[in-house]
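Below are structures written as structure tokens.
Both complexes below contain subunit A, partnered by subunit B and then by subunit C.
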Partner chain A sequence: MEHVGVFLCSGCGIGDALDLEAVASAAEDSGGALCHTHPCLCAEEGIALVRESLSSGEADGLVIAACSQRVKCKAFSFDSATPVQRVGLREQVTWSHPPNDEDTQMLAEDLVRMGVARVLKSKPPVRQEEEIADTVLVVGGGLTGLEAAAAAAGLGKPVVLLEKEAELGGHLAGIGELAPAGPPYDQLHENPVSNLIEQVRSNSRIRVLTSAVLRGISGQPGQFKVEVAAGGGDETFMAGAIVQATGARPYDAHRLAHLGYGEQADVITSAELDAMLEAGSLTRPSNGETPQRVAFVQCAGSRDAEHLLYCSGECCATTLRQAARLRRDYPDVEPCVVYRDIRMPGQQERFYLAVQEEGGTLLMRGEVDGVGGNGNGRLAVHLRESLLGDDARLEADLVVLAVGMVPNSADGEAIRALHDAQQRVEHGESETQREEARKVAERLAAHEGTEILHLGYRQGPDLPVLQYGFPDSHYICFPYETRRTGIYSAGALRAPMDPAQAVEDAWGAALKAVQCIEAARRGEAVHPRSGDLGAPDFFLQRCTQCKRCTEECPFGTLNEDEKGTPQLNVLRCRRCGICMGACPERIISFPDYSVDAVASMIKAIEVPEEEDEKPRIVALMCENDALPALDAAARLGRTWSPWIRIVPVRCLGSVNIVWIADSLSRGVDGVILVGCKYGDDAQCHYIRGSELASKRLENVQETLDRLALEPERIKLVELAHNEFDRVPTILDEFAAEIEEMDPNPYKGF
Partner chain B sequence: MNDQDSLPVLVVGAGVSGITAALEAAETGASVVLVERQPYVGGRVAGFYHYFPKMCPPSCGLEINVQRLERNPRVRVLTETRVSAAEQVDGGWRVTLERAPAYVTEACTGCGECSKVCPVSVVDEFNHGMSSSPAIRLSHPQAWPQRFVIERAACADGCEACVQSCAYDAIHLDATVTTEELQVGSVVLATGWQPYPLEKLSELGGGVLPDVISNVQMERLASPSGPTAGQILCPSTGQPPRRVAFVQCAGSRDVNHLPYCSGICCLASLKHAQYVKDQHPDTEVSIFYIDRRTPGRNEDVLTRIGDMDGVRLVKGKVGKVEAGDGGLVLTVEDVEAGRKLHEQADLVVLATGMVPTGNGESPFGIARDEDGFALDDFDRGLVVAGVARRPTDVAAAVRDATGSAARALAAAERGA
Partner chain C sequence: MATVPLIAPSEDFRRELRRRGGERASRCYQCATCSAVCELAPEGRPFPRRQVLLAQWGQGDQLATDPAVWLCHQCNDCTVRCPRDVRPGDLMQVVRAMVIERLAAPAFLGRLVANVRSTWPVVLGAPLLLWVLLLGLTGHLGVPPGFHAYDQLVPHWLIYSVFFPVAAFVLWAAWVSGRRFWTLLGSVGPPRKGSFLASLVPVFGEISTHGRFSNCEAGRPRRWGHLALLWGFVGAAVTSGLLVVALYGFGAQLPLPLDHPFKILGNISAVLLVVGGVILLINRLGDPQKTGASTAFDRFFLTVVLLVIATGVLAEVGRFFFPAAVACSIYIVHLSVVLTLFVTFPYSKFAHMLYRTLAMVHERMTG
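Presenting the complex of A and B:
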């Protein structure tokens, strides 16, 4: 922007602690077009003053030097075309540093100069006008998919529902009754699936394609091009967003030979018992007789280090449902449930109570370590750690294994890695490289041909999966925040869940799909920077095809052409800036956040001469967690070193190494990066931004070597949002370490 | 699709469920009014130290949500507000919102001068009574909106110290209740939960023995902004506990108290065991349980924390907690095994359950199940979200709330 209006607030004690006239001079000297001071900028008069400067055309960009960028946002938001840089004089200067002090004053002046420098390099966002498809594509016609289709249609959207089988309903189809999902929670209720199928089939907004084969999905949210083979022909249509509801399948019981499956004819799975109950013929497969005692073995393959580590979440309810059904339909049969823990959370407990009160179902706690023949034609369930003693045996005529659920997912990233390895096996440059590739291809061979969505994405044809094959983002707060914008996983595919939860999940995923379409239409980013209009810009003439951006984007935004040049799919972009941080050529920028803008902020810091003995430290802090912690520390009266100049960043992943090089070559004595925890339980909202930053820092060593500077001048610290008691100490300790060293010899260059 | 010309969605309650429902609806383009009785958003979890299974701070997710609220022009947030009346009308509801007296107005800059001069000290309910604060204060250091709040009833007669200290004319001690009528298309009830009262568990020492605390108090003890600045200490001595016992199903799965399972307490206690071990590695932790309910991938929490050195999980229901010679004595019964144990501890944490808020007092005449959990009434444009519907953890509440936003919009779409 050309005309930066600088507005200083003297309220909240700022004016008492600083010489604001001197701050105003600093603002004007650094390129501010005008500078006003107001005793309470957030009050109506103050806001009016700011508005006046915009409407008169005196200012086209703003620096609001008052309180933190995190508060009074609505008061200080004007129009989307005006870049606004907030400078937190209150939190970062006057609350946290001694008043009327030379160093405090220098800090304030630097921060305002930095704000002006950034706005001078900012541009208004260019609104994206794109043609947006309204259709929601739902993949999978089980309970979750049906419900998601009905939900999206209920929100006014056209829906295409794809099912690979000839019939809708998934694995619940054909089951008459389910465990209770509503009050009084003590009796079986009718399975909603068949009604739902009718409802979906008769809904004019929903098109159902059964026996459908998904051939490919390319494009981006609002503009997905979907290719399908169904009904004997191929067709292509546009969809705005996608709900993947491909469900889960029972764990392969053949792997549970120790529990007798496949070895003993009378050992069956829960699904097989359901089939018997629905067919009205409860019999022992070995001899066709009606069993007397039916033993249910819980956690068959779940909560087991050899099989599934997780709890499948719905098997306890399924077993109790089946036991209740047995008691009702076959009063002479004695169900017996062997369990480690009965897991019936919430109101489901009432159903568990009802089964206990009804009587007739034996509930036994114990660990089953084997099921075998008993010599008399019956089966023996061997128990360990049971209440009956160390080693107990339970006789039964039919054993039902409550097997767990495995998500029907495909590991998009593994498939991509497999295909890359296969390429290298063919075209590798050296024998060593080809050999390495062969090993990788062998390790990943099981992923061959597992594609479900067939996405035309550089990072792989399906959603990335996390732990245990669930394509979930593993976020607690934002369970739908997937790593592929506009594609939402739902139901048992996403996490172990029961039918009632799957229904809720379907509605949630449908809403996210609709929301993504609407955001695309408005040209806005979706979560977490919802509403952000500023799309990234790639100056491709200078691209060297290093592929860092295409590989590191957590959301798979970028595709590549044959040469490796990035192809932007702007509607997939979440505006984190990780690509900007990755780019060695510095050709990626956002209108209000760019390599150049932050570099200019750093250049705006006045670095005192060596003999002044005033070190300078740049702190690049994540604005989602580290900056809020710092604000809270300031509110609680904590103080920290006046040498620190805070630069809030969208994510540590957006930090371009050149900012560090620029800082050091200008005589800044140290650079500290403070961002979210990374690793297995990463707290980064962009999944791996802080982790990428830490990896990139390894490369900074080169820069330090070149400048002949100590490696300790650069530090990365992980900090959680609530660690406000720690953050001042972190900054002070780093400042002390820097003071120990000689001044940066590049001062004054 | 719902747009700004349509009637807004009303979301009642701004805990994680309500905030989620409001934002998810607003980000589709709908306009939303979010009302909250407390002066801050975030509800119960605003006072929590960590979430399971990741052991990460709730304030981290709240930060993103608060920034979304700060920036979304389609959401109007009204704190210290309740729905005092509601009437079903064509195409939705006409509601009366009752706003608490605005003793501190939106002109408040959050500078904090008033707190410094306030002569009155009150019990800090945010810390569950474990500390005190000035009568005028910010509810907690990361509270949003960042607006001070006054406990007016506690003011000394004629005291105007805060008024005089305020440079922004933001404090008006003579403010009165105001009401506002509003027509909305549909309503999301996200009224959340209350901890089952400790006082009702006197046989377990609740409300009687100072070193018997609740799980929600444990969250405050572990929080840096809590009464002990994050130190887990025995209330009676101020010393670190050497033996901590967790009593599961304290008031849950119990016909004398709550018949249902509160669903989250097993995981909460495992998480608390980690809080204790992180601060006091030599402290012995025992968890007395009926069933270890850690469904889904939360099984990892049981595996990880249950296997820690010095953490013991013991099957058995605690029937009694008494003061003994060397500390507290717990009587533990395992009916199935036919055994009775006596265990000692310095600090006992009762894993109290969740009680749905506002049972029996809804202006919407919402139907409830036997346990007081509210039921959707789609035909009348009433949708329930989060723990108001069912005891759940945060991840499930957020999922449910997102779906509730969809149901509310669909109900409004149909009603319009």
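Presenting the complex of A and C:
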């Protein structure tokens, strides 16, 4: 931008602690076109002042030097074409540093200069009109899919519902009654699925395609091209967003031979008992007699190192509803539940109590070691260390294994790795490479042909999965969102859950899908930078086809052409800037966030001469976690070293190594990067930004060697959003370490 | 395989438990809060969680051999704190009643008292009928001329000829039940050490002060009522014994004068009984969470005790102040409820005296 309007706020004590006139002249000297100071910038009058400068054409970019960018967001958002840089004078300067102090003043002036430098290098976003499809594609016609279809249709969107089977309803179809889903949560209630099927079938907005085969999905949110074979013919249509609700299947009980499945005729699964109950014939498969005691074995193959490690959270409710049903329909049958813990989420606890109170169902805590014959025609359930202290055995006529659920997912990344390996086996450059590839292909062989969505994405044909194969979102705060923008996972596919939770999930995912379509229509990022119009720009003439951007984008935004040149699918982009950080050629920029813009900020820092003994440190801080933590520390009156100049970054993954080289060659004494935790409890909004940054830092070593500088001048710290208490200490300790060292010899060059 | 014990959940036991007010056992989800808060449970052998579990699983045999069932004093600290409202204190009470019935000799009397909710007219009426019949047959039914003492109404030989055989029968029944229980206690758990008597003495000491009750929180007021009642009964028994000695050893004349030491002892006992009875009655009428729910079995025992006390006191006072016919009627009722109390001793809640004492001795011998 050419005309940067700088607005200083003197409210909240800023004016008392700083010489704002000096700050204003620093702003003007550094290229600000105009500079106003207002005692309460966020009030109507202050905002009017800013608006006036924009409408009169005096300013086309803004620096708001007031409070942190994390507060007053609404007040300081103007039109989408105007780049705005917030400078947190209040949190980063006056609340956290001594008032009317030389160093505090220098800090404030530097920060404003940096703001001006960045806006000078910013451009208004370019909005491209795109044709956006309104249709929501729902994959899977079980409870979740049906509910999601009904929800999206209810929100006014056309829906296509795909089901690979001939009938809708999934696993719950045909079951008469379910565990309670509403108050008073103490009795069985009618399975909603059959009504839901009718509702969906009769909804004019919903097209149901059964016996459907998904052939492929390409494109991006708002423009997914879906190819389907159904009803004897192929068809292609456009969809705006996708809800994957392919559900889960019961764990294969044949693997549970120790529990008698497949060996004892009278050992069945919950699903098989449901079938018996619905058919009205509760019999022992071995002899056709009505069983006297039906023993339910909970956690059959769940929470078990050799089978499923997790709790499916639903089998207890299934067992208790079956026990309640047995008690009602077969009063002479004695249901007996052997459990490790009864886990009834939420209000389901009341149903558990109701079953207990009815009194006819025996609930027995114990570890089941095995199920075998008892020699008298009955079965024996062997309990290890029963609650009464000893091994014991329980006789039963029918044993029902409450098996957990396994998601009907496909591991997109594994499939891709398999296909890549297969390619290398064929076309590998050396025998070693081909041999390596063969091993990988062998290890991943089980993923062959498991595709569900058939996505035309470089990073794989299906959603990436998390633990245990569930394509869940990475963080509790963003349920349903997957690493593929515009594709939302819901129901038992996303995480093990019961029908009531699946219904809630369906709604959540449907709402997300609708939101995504609307955001795509406006050309905005969906999440987490909702509303961001600034699409990345690739200066492809200089691309060397190194593929780092296509590989490192956490969201599979980029495809590749045959030569390996990235192909942008802008509506998949979440604007994190990880590609920008990855690019060694520095050809990727966002209108208001670019390698050049941040480098200019760093260059705007006035580095004092060596003899002034005022070191300078650049802190590249993640604006999602580290920055709010810093704001919180300031709010609590914590202070930190005045040598530090904070550069907020979208993600540590967006940090281009050149910024570090720039800092050091400018005479900055140290650079600290503060970002999210990574590893198992990753908190990064962009999956693994700080992890990528830490890997890239390894390459900085070269730069340091070249400049003959100590490696300790660069540091990366992981910080959680809530660790506000640690931030000042981290900064102060780093400042102390830098002070220990000799000043950067490049000062003054 | 055969060595692994079979858990045989007895549906009969569970049905019986539900019928007798133990239906809340099925609510238990084994959090063990009850055992954690119980102040009476011995180190390393916590209760009542295990007993709730046994009840829930229909393990009547194991409950019958379990001393913890009797070591529980129903303070209800567990009941107050149970997050699932299982009321383990009440449950233990029901289990005790079931054990009493199970060990009763002869069994039909156990059953009769266990089902007192419906059989109470027999249990209370039969002794009354017996007395009326006996008095009628011996020509004593009617107000004696010049009435001033109850031996004019009921001659001592008649009393002896009823109570001595009854006492002998009760002692036999208690002996049989006590032996069964003692054998059952010894059939599981660690072996006993030391002599029975050596353990009995300190147990009596403990009972005489009701020391264990002092650990209770929710049920603490019951301690004093129960203690007064205990000593009142002891005093009454001692007075009766002394009276026989005075009558036949020293030729004392009835009624004894009011300043006679035996009379004074008897009256002190009566006061203790009245005070204890009133405290327990008031307690029963209080918060059922703290005091425990009252089953018919509990109510029957308390009612008989209160009737014995009330008719005893009224008979004593009535001799001076009531018309002779009224006083004599009260006396006959008194004799009949005392007979009920005696006869039902091994079968009613009264039997806890026997079983709890044995359990406490067993606890000492195995502790």
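Basically, the second predicted complex is superposed on the first by the 745 of 749 C-alpha atoms of A that agree within 3 Å, B and C clash if a C-alpha of one lies under 4 Å from a C-alpha of the other, contacts with A are read in each partner's own complex, and residues count from 1 in each chain.
Criterion: a contact is a pair of C-beta atoms (placed from the backbone, for glycine too) under 8 Å apart; a residue touches a chain by one contact, two chains touch by 3 or more.
A quick note: this is a predicted structure, and the numbers were derived from the prediction, not measured.
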Fit or clash - subunit C, subunit B, common subunit A: clash
A:528 touches, of subunit B and subunit C: first, second, both or neither? first
Which of subunit B and subunit C A:391 touches, first, second, both or neither: second
First, second, both or neither for A:216, with subunit B first and subunit C second: neither
Partner chain(s) touched by A:342 [first = subunit B, second = subunit C, both, neither]: both
Which of subunit B and subunit C A:313 touches, first, second, both or neither: first
Subunit B versus subunit C as contact partner of A:353, first or second or both or neither: both
Contacts of A:721 with subunit B and subunit C, given as first, second, both or neither: first
Superposed model, subunit A: greater residue contact from subunit B or subunit C: B
Touched partner set for A:383, first subunit B, second subunit C, both or neither: second
Which of subunit B and subunit C A:370 touches, first, second, both or neither: neither
Segment of subunit C intruding into subunit B (one of 44-52, 152-160 or 314-322): 44-52
Subunit A positions touched by subunit B in one structure and by subunit C in the second: 342, 353, 365, 387
Of subunit A, residues touching subunit B in the complex: 11-13, 39-40, 42-43, 67, 70-74, 77, 151, 154-157, 182-185, 303, 309-313, 340-350, 353, 365, 387, 467-468, 470, 474-480, 495-497, 501, 504-508, 510-512, 514-515, 518-519, 522, 526-528, 530-531, 624-625, 628, 632, 635-636, 676-677, 681, 683, 685, 720-725
Residue ranges of subunit B touching subunit A (in the complex, touch as defined): 1, 16, 23-25, 27-29, 49, 51, 53-68, 70-73, 107, 109-112, 138, 141-142, 146, 167-168, 223-225, 229-230, 253, 259-263, 291-300, 303, 315, 336-337, 369-371, 373, 375, 390-392, 394-396, 398-407, 409-410, 413-414
Subunit C contact footprint on subunit A (complex, rising order): 334, 336, 342, 352-353, 356-359, 362-365, 375, 380, 382-383, 386-388, 390-395
Residue ranges of subunit C touching subunit A (in the complex, touch as defined): 1, 4-9, 11, 14, 18, 23, 26-30, 50, 53-54, 56-59, 62, 84
